Structure formats: structure tokens, C-alpha cells
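Letters A, B, C and D mark the chains in the order given here, with residues in each chain numbered from 1 onward.
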Amino acid sequence: MSLLKKILKPFLVVAPYVLRNGQTVAYPTERPMFSERFRGRHRLRLDACISCGMCARVCPCNSIQLVEVPGMEKKFPQIDYQTCSFCGYCVNNCPKSSLVFTDLVEFATTDRKTLVYSPQRLMEVPDIKDVVPMLKYRTEKYLTDTEKKFRRVKEV
Amino acid sequence: MTHLGLLRAVAANSFQFSRTDAGFIAEAFEAVVSFILNLPWIALEFLQVNAKPLTQVILLPGLAFVLVFAIIAVWFERKFLARAMLRVGPYYCGKRSGLLQVFADFLKLFMKEIIVPKDMDFMFFAAMPVLVSTLPAMAMILIPFDSNWVLWDIGSLSLPMFFAIAGLAPLLPIFAGWAANNKYSYIGAFRVAYMYISAEIPLVICAAAVAIMAGSFDLLKIVEAQQGMWFAVPQFLGFAIFFLGVIIESERTPFDIPVAEVELVFGWRTEYSGILFGFTMMAEYVLFQAWTLMFITLYLGGFNGPVLLGMTTASHIFWLLAKFAALVVLIILIRCVFPRLRLDQMLNLGWRTLTPLAVLNLVFVLALKVLGVY
Amino acid sequence: MSEESLLAGIKEAHSDSIESAAVLQPRCISVVAKMDGFVELAESMKTRFGFTQPVACGGVDYPGEQRIQMIYYAGNPEHKVMLTLRVNLPRDGPRMPTLTGVWGAMDFHEREAYEMFGIEFEGHPNMIPFLLPPDWRGGHPLRKDFKGEGVTQ
Amino acid sequence: MTEPIIKPDVMRISWGPQHPMSGQTRILLDVDGEKVHKIIADLGFTHRGIEKILENRSFFQGIIPIERMVMADTTNIGMGYVSAIEKALNIEVPERAKWIRSLMCEMSRINSHLYAFGLQAEATGYFPAVFLWTTVDRTILLDLFEELTGARWSYNFILPGGVHKDFPEGFQAKLIKGVEYLRRRFEDYWEAMVENAVFEARCNGLAVLKPEDAIRLGATGPVLRGSGIPMDTRKDDPYAAYPDLDFDVITEPACDVMARTKVRYREIGESLKIMEQVANEIPEGPISTKTSFFVRSKPAEVMSRVETARGELGIHMYTEAAPNPYRVKINSPTLRNMYVFERLAELDEILMADIPVVINSIDPWYLDSDR
């Protein structure tokens, strides 16, 4: 009898899942919203940077270099995202908070040289709509409403 | 001169073509020209005579049925399993339904290189997937879709013939596994051998019980005998055994032991690539189709069902296909629910449980027959 | 204090084959053994003092003092104390008897020490490279003078 | 690795590293038909020399490579390394930081156990449902991690001296919500997988590791507890806030693959209990003591042991007057359990079909064993 229960019970558990909705985020049309502390691409505020070089010294992956910027006297950090591990040491140890994280994660490119971001490129963060043109919805996270389909939170 | 006579003349003359006889050449030329000119009429006559078998070969138990089922079943299985896994399944090809993904995958498999490993018997290796996918399809021509919609009506030989043709299928994976010259294929092939023998014997005993109950080996008569009550009711044991047997024969979870992906890389299919791999995948569905149809014919009343809209043949075909679809959904659901059994457990199940129970079922049916209930 | 009493027992029983012994930190004792009678000491650790659970072994290189210290880690499941049993080896051509006869699980770890430090274990059943590729020619990576040369042949 | 000579009467199969279930390792199997006579593990495909890398990094920078040892279980590994640093440098950790550390360790443990649980399902051929369910449920934990630390996989949130940041606003409520959700989900796992007749048939009585063998072969973690021995570093050598937390050491007496699976299942329940306790009872206070990034240490030798999801991780660290450690010896749990796996073929009868089930019952993570 218990064997029969062990054969039939899994059916009753699994079968309702077929009627549930998938939990997949259909990426180019949907994109999850990240939290405030999310470590995505950096943004550099050139006016606040004092060129102390702390970020380059603390970087465990040696992906930060100080380079010259045309038209400026000082040197500014250039980040190589081929090796960056997004550990956040540079952001934490920045004395003037001139390096901050954004929630941009779209790094895909056809040339790996373009993954080396110069200070000028680090300065401006592109709009998400320009990076992912097919994006229609930003979705909320699982924890808020797991059992249902993601509510479309806000249209981009 | 009838067209057939003309054909015969052409055939007879062509044997003598080596003689350089001018008159003969002119005659032959004339015959060929008249044959070509009469070709449309020959074709028309051929079609007139063979309209129904042709439809059957091309449409219902034939090519279109097999291909459409394979396409729909692959698509459905992927979508269905994805739902059970909380995924969405194929999504982008074909407007979110993912139906075109199957065609895209087929095209991809077709384009891919067929990798030929070293020291293998290539002709043997390449022939097997094609045969594996066509043999069960040949067994399907015996299935009655209606009392006058049977492609190969051989009367009281049809049930043994089905087992004879479908019983050949397990031989081919064994050859394929041997030909591939790979250790995993080899183990997979031997698993096939063990598994099919243990499964086929209870299946045959169950089929024998059905034949005794119906009083005939003719599949049509078996179906007609189930007009009052499906054989699944008096022979519940046989029904359950044959259901397990269908899953075993079509190598589906929990009995996909010969191709167990996480144990043997892909069992006897390991070395296949490109379109040959496509054929082996196709074979799984064709086997599945043939055995499920047989199962319905033997136990679930075949094409029996209430006549809809006064169209007897159409409604019979509809009922058979409806039962078929329901079974397919059930068997695919089983795939989401159960893990795979081990080979020794499977053999224990086959020899120690299913075979005695099948014999018990046979005895029960004989008792019913002797007591005159049936 | 279980580790104190254990340590006292060890010191008393094996005073002649122990160079020094101390409590490294709570629940961890450190015994530095002499090369002579090392296997017997380990055997006695296992049978008499209950260090039946092998954990690992590894080495530390001291190029300034021209020695390599081989450390065996073993646990005592009863008192939950970890033993580090050490022995000093010369830096060039270090050889020592294997402890796989005492703790079978040291098999993998001794093979690792063999390729990482170049310590030869006499009587080891399967002394072949473990983590490094079989055609490795770059020397012994965890020695302090390894600079990464010859890594790519 | 050089292969021992093949006996003529037995077939030797190279299982991995291209096998769908093997992971990044190769296992040589001597099989006679379906029966496995001998298992030889060939490790080292993912050796990266982490011990050598750590010698060349400052204490803070070393956290990043060492967390790459087990990606599903980064916090526990980082916890071991950081507590070794703290012992070497004599850094005091505030009480609240300890509680946050315990919370993260437990979340990490659930994450890793869920992955192991799903792989166990997949190894028995139960691919469709449970592996993907655990993947979906791990997303809950990853979201919580992201809310707290900002990263979804490798956090380096536990730093010498405390933790990086305090809870964000409303985080405790989310924790409770997540715990409740996971509790609900685990009932499904139990009924669909552990109580499944076919799964039981596959796992019951398979690869029995008797308690004395488990000790003798040096098993650790859920493998040891699945053999009925209540050894858990969180109790034996407490670290972080574990002395103040209320939890049980899970053991199962059956000693087989099923027992190990059940240990993981029930340990997830204990971890959820701890998560709930932390969310409700966490003390107020500072979260870290100020520690310089380029801190220099004194000569010292310390040993830190933590209970990761796979078992006891030992970090034996030697320091001298320098900003980086002199030598770090990592006693990884998977390497110990791999030896147990190698010997299992001698202790119990294992069939070819059982190999993926048995190897996933010890929950191997080859980046951990190869370092």
C-alpha cells in the first residue's frame, strides 16, 4: 500500500507544476531589476577623482591602471573588464567615492579590446534602452511574488 | 494493347537489346515513345486502382502520420517538460510557441558533419539508425484504424506479424552498438539485449491472452470483440503489464536504461552525429508510436467509440487518435515523475514480476473462457 | 582540557621520539617528531591516542633554514582534537617513509606533497603525479624558489 | 596520470571529463559487465595553484581567489580564510558581524546543498523536475545575497574585522519571507523525490559506508554524518555566532546514498532555522572593526576549521612580518571524500549505473579538491 502511495503521490505533486508558469526571464524583452547594492559596471566621476591611485593598488586582479586623459593634467583609472572580478574593493576604498557601481551588466561585444574601458567611457553610463533595444519590461525579483508570473513592473 | 502489356513488351525486349538488330531498335524506340506518351494515363490507372492504399501509405498509418507525430511529440514533450521544470521551453522560433524549433533542429542536424570514428564498420553503423526508425513504422501498417482502413490486412496473421516485425527492432541497436567500436555503445547495446528479452516475453503472453479472449489473432476481430467492453476491464493485470511493456519497448523513462545519459553517455547512440543521430531520435518516437497504437488496439478498444456526425470511418480514426494522444500525454508525464531504474532492477521487474503476472493473467483469461463468461 | 591531557600522555609515552610538543590553539595540538621511529609514533597516535581520522598532509618550505617541514593532520573523533604531526626533512633530496600504512587516506595527500615539494615517500603504493599534468617539467611549485618557469614546457 | 596496466579480463572505461555527468574530472572504472571492480580517480584537471596564489596576495586580496574554490559555497570558504587571518592578526570581531557571518554561511550552505540535491536527482535520471526546481529556488537565496552584498555568486562580503555592510532596510522581513517560501517548497521535494518509489529503489542500500570505515577513510561532512557519526565543526570547534545559535547536528543511521541525501535535506531545514533565528534575534551594534587594507602581520601559525557544505575545511596559515601569508595549506573536504569514493567499490558492490549516483552522494566539487 505504501508502495502504491509512493508511486502515485509524485504524480500528484508534479502534475500541478505543468499548469504553473515558467520562472524564466525572457532576457532581451524582459530584464530583472537589481538591488541598490548591485555590483555592475563602474561609473567614474572625473570631477571628484583625485588620482590617488588607491583603486589600482587594491585591485586583486590588476585590472585597474591609471592612464592620462587628453585635456586633463592628472591620470585617471582605466578598467579592464576582461579580468575584473567585481569584488568591489576599488569602490569601497575610494576616498572620494568617485568610483561607484551601476546596475549595467551588458558587456557583450565583438572585440575584446573594447572591454578595456577608458576613463571617458567609464564616465557616462548608457541608457538601458540603448544597450538592449528590444527591452520591453523590467521585472521584479522572485522573492516579492514567486508563485505568480513576474508582474511587469514598469515599462522601460 | 493494354498499358501493362506494353510494359511487359518493353521489359521483354530490353533483355534482347544486346543484339544489334536495326528493326528491333526501331521497335523498341517506338515502344518507349508510346510508353512516355501514355505515362499520364498509366499513372491515372495506377492511382485509380490503388487510391486507398496510397492514401494510407502517404497519410494515415504512413509517412505523414509518422513525421507529423514525431514533430508534434518532440515539440510537445519539450514544452511539457519545460512547464514541469518551471521553464518556458522553446520560445523564439515560431512566435513563442517554439514549434519551428523542431524544424530548426532538424535542419541543424541535417547540416552537421557525420563524424566517423576510427576502426568502425561504417556501412553497418550508418544503416542501423535508418532501419531502427523504419522497422517499427512497417509494423504500424498492421494497425486497424477502421474495419476498412487497414493497410495490410492479412487476417489472422496480423497479431503475430506485428510481434515479428516489432520484435526485430531490438536487434538493430545491438548491431549499432557493436559497429560503433565504443565502450559506452557496447555496454548500451548489451543493455538493450537484456532489457528487451525480459520485456518481450510478458508482452507476448499478454497478447496471447488477448487473442484467446477475442478468439482470433486477427487485430480487426480483436477490436470488434471489444465493442461491448474494453479488454482493459476484464484483464486489468494484462493491461498494466502491457502498459509497462510499451514504456520499456519505446525506451522511455523510467526504462530508458540503454541510453541512460548520465551513466553511459548516450548508450548505443553515443557515436552517432548529424542526421544519423536525428534518425535515432526519430526511432524512439516511431517505436513509441507503434507500441502505443498496439496497446490501444489490444486493450483500449482500438478504434471503437460512438459514431460522430454519421461518419463512421472518420469518427473511428478520430477515436483512435484521441486515445493515442491521451496515452502520449500520460507517458510523457511519467517521464517527469520517475527517475530511471537500474538494469538489474528492471530485469527483476521483467522476469520476477511481469512474467508470472502475465502467466496469471493468461490463466485467468483461460478460466473465463472455460467458464463461458467470454 | 582534553588537549592538555592528551598532550601530556603523548609526551610521556614518546619522550624519545618527539622533539617538541605544544598546544597550538584550542582543540589543536602540534607534535614535532624526530625522523627515527616516525611511523611507530604515528601508529601509536592512531591506536593509543585515538587519532583515527586522517585529514590531510602537506609541507612548508623554509629555504632559509634549509628544511621542509612535513605536516600530517589527523583528527580525534572522540575528543574532537586535531593533531598536527610534523617532521623536519632536509631541503635537498627529502625522503621519508610513507604513512599510508597507518592512515590509508594519506595516499592522495602524499602524492600531492611529492609533486609540490619533491618529497619521496618510501613504500608508497602509487607514487605518480596527482594534480599536476603527467608531463610537468616545471619543478616543485610550492617550494619558495619556484618562480613559474617551465610551466608551459 | 599514467595508467596502471590493464588486466586483460576487465574492461577499463574512462569516465569523464567529457562525460555528461562527470564534472571536471576523470574517473577510470574497471568494469566487468555492469559490475565495477575498481575506481581510480584522476584529479587535477582544474588545478590552479590557489595555495601558491595566496602566498603572493595581501590578506584582503587573497579572499577573492580563495572564494573561487567552491562557487556554490563561497561564503563558507571565505569564512575559513578570514577567520584564519583574524586569528593571525588578533582582530576582534563585533557580535553583530558574527551573526551576519553565520547567516551568510547558512544561506551559502543551503545554496550548495540545493545544488547537490538537484544533481542527485539528475544522477538518478530524474532530470526533468527536481534539478530545475532547485535551480529556481536557489534564485531566492541569490536574490537575498544580492540584496545584502550586491553580488549573486562570489560575495567577498566577509572581510577581516567584520562584514562589509549592514543589513539593508527591510531585509529581515525579506529573510523571513524567503525562509517561509523555501519551507513550503521543501515539502514538494520530499514527496516528489525522496519518497518516490523509484528513487528509493535506486538509492536505498547503495554504497554503504559503515561508521568505522567512514572514520578510517577520513570522510567528512554529510558523508560522515550520513554514516551516523555526529561530527560537525560548527559544534566541535565553534566559530562565528554558532555557540549562540540553536541547531542540531543531523545524522542518519542508514549509511547509504539515501542517508546522505536525507542528511542534506534535513540540514537545509536546520539552516533555515538558523536563518530565522538570525532574522529575529540579531543583536544591534557595530559591524566591523577598522582594519587597514594593507595590514601587516606578525610571525604566527594559526589553524582555522570551518564546516562548509561539503565538510570540514581546514586553513593552516603561516604568517611572518609581511602583508601576505607565508604559506596557506588548504585541507579541502572534497579531496577527503574523493578518497572515500575511490574505496567504496571495495567496500560495497557498485554497478556501472550507480556511479553517477554514488559520486554525487559525496557531493564532489573538483575545483575544491584540485585547488
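Criterion: a contact is a pair of C-beta atoms (placed from the backbone, for glycine too) under 8 Å apart; a residue touches a chain by one contact, two chains touch by 3 or more.
Computed from a predicted structure; not experimentally measured.
Taking the mean of all protein Cα atoms as the centre, the chain whose own Cα mean lies nearest is D. Across the assembly, the mean Cα position most removed from that of chain C is the one of B. Mean C-alpha positions place chain A and chain C at a centre distance of 45 Å. Centre to centre, using the average C-alpha position, chain B and chain C are separated by 65 Å.
Rounded to a whole number, the gap between the C-alpha centres of chain A and chain D is 26 angstrom. Taking the mean of the C-alpha atoms as each chain's centre, chain C and chain D sit 25 Å apart. Among all residues of chain A, those that touch two or more other chains are 10, 14, 17, 23. The multi-chain contact residues of chain B, meaning those touching 2 or more other chains, are 84-87, 336-338.
In this structure, the chains touch in the following pairs: A-B, A-D, B-D, C-D.
Residues 3, 6-7, 9-10, 13-14, 17, 23, 34-39, 57-58, 60-61, 85-89, 92-93, 101, 141-143, 146 of chain A touch chain D in their complex. Per the touch definition, chain B reaches chain D in the complex via residues 81, 84-87, 183-184, 187, 190, 253-254, 256-257, 260-265, 335-345.
Per the touch definition, chain C reaches chain D in the complex via residues 24-28, 52-56, 58, 60-61, 71, 73, 77, 80, 82, 84, 103-105, 107-109, 126, 128-134, 141-142, 146. Listing the residues of chain A that touch chain B in their complex gives 10-11, 14-15, 17-24, 26.
Residue ranges of chain D in contact with chain B, taken from their complex: 11, 13, 19-21, 31, 33-34, 121-129, 131-133, 136, 192, 196-199, 201-202, 351-356.
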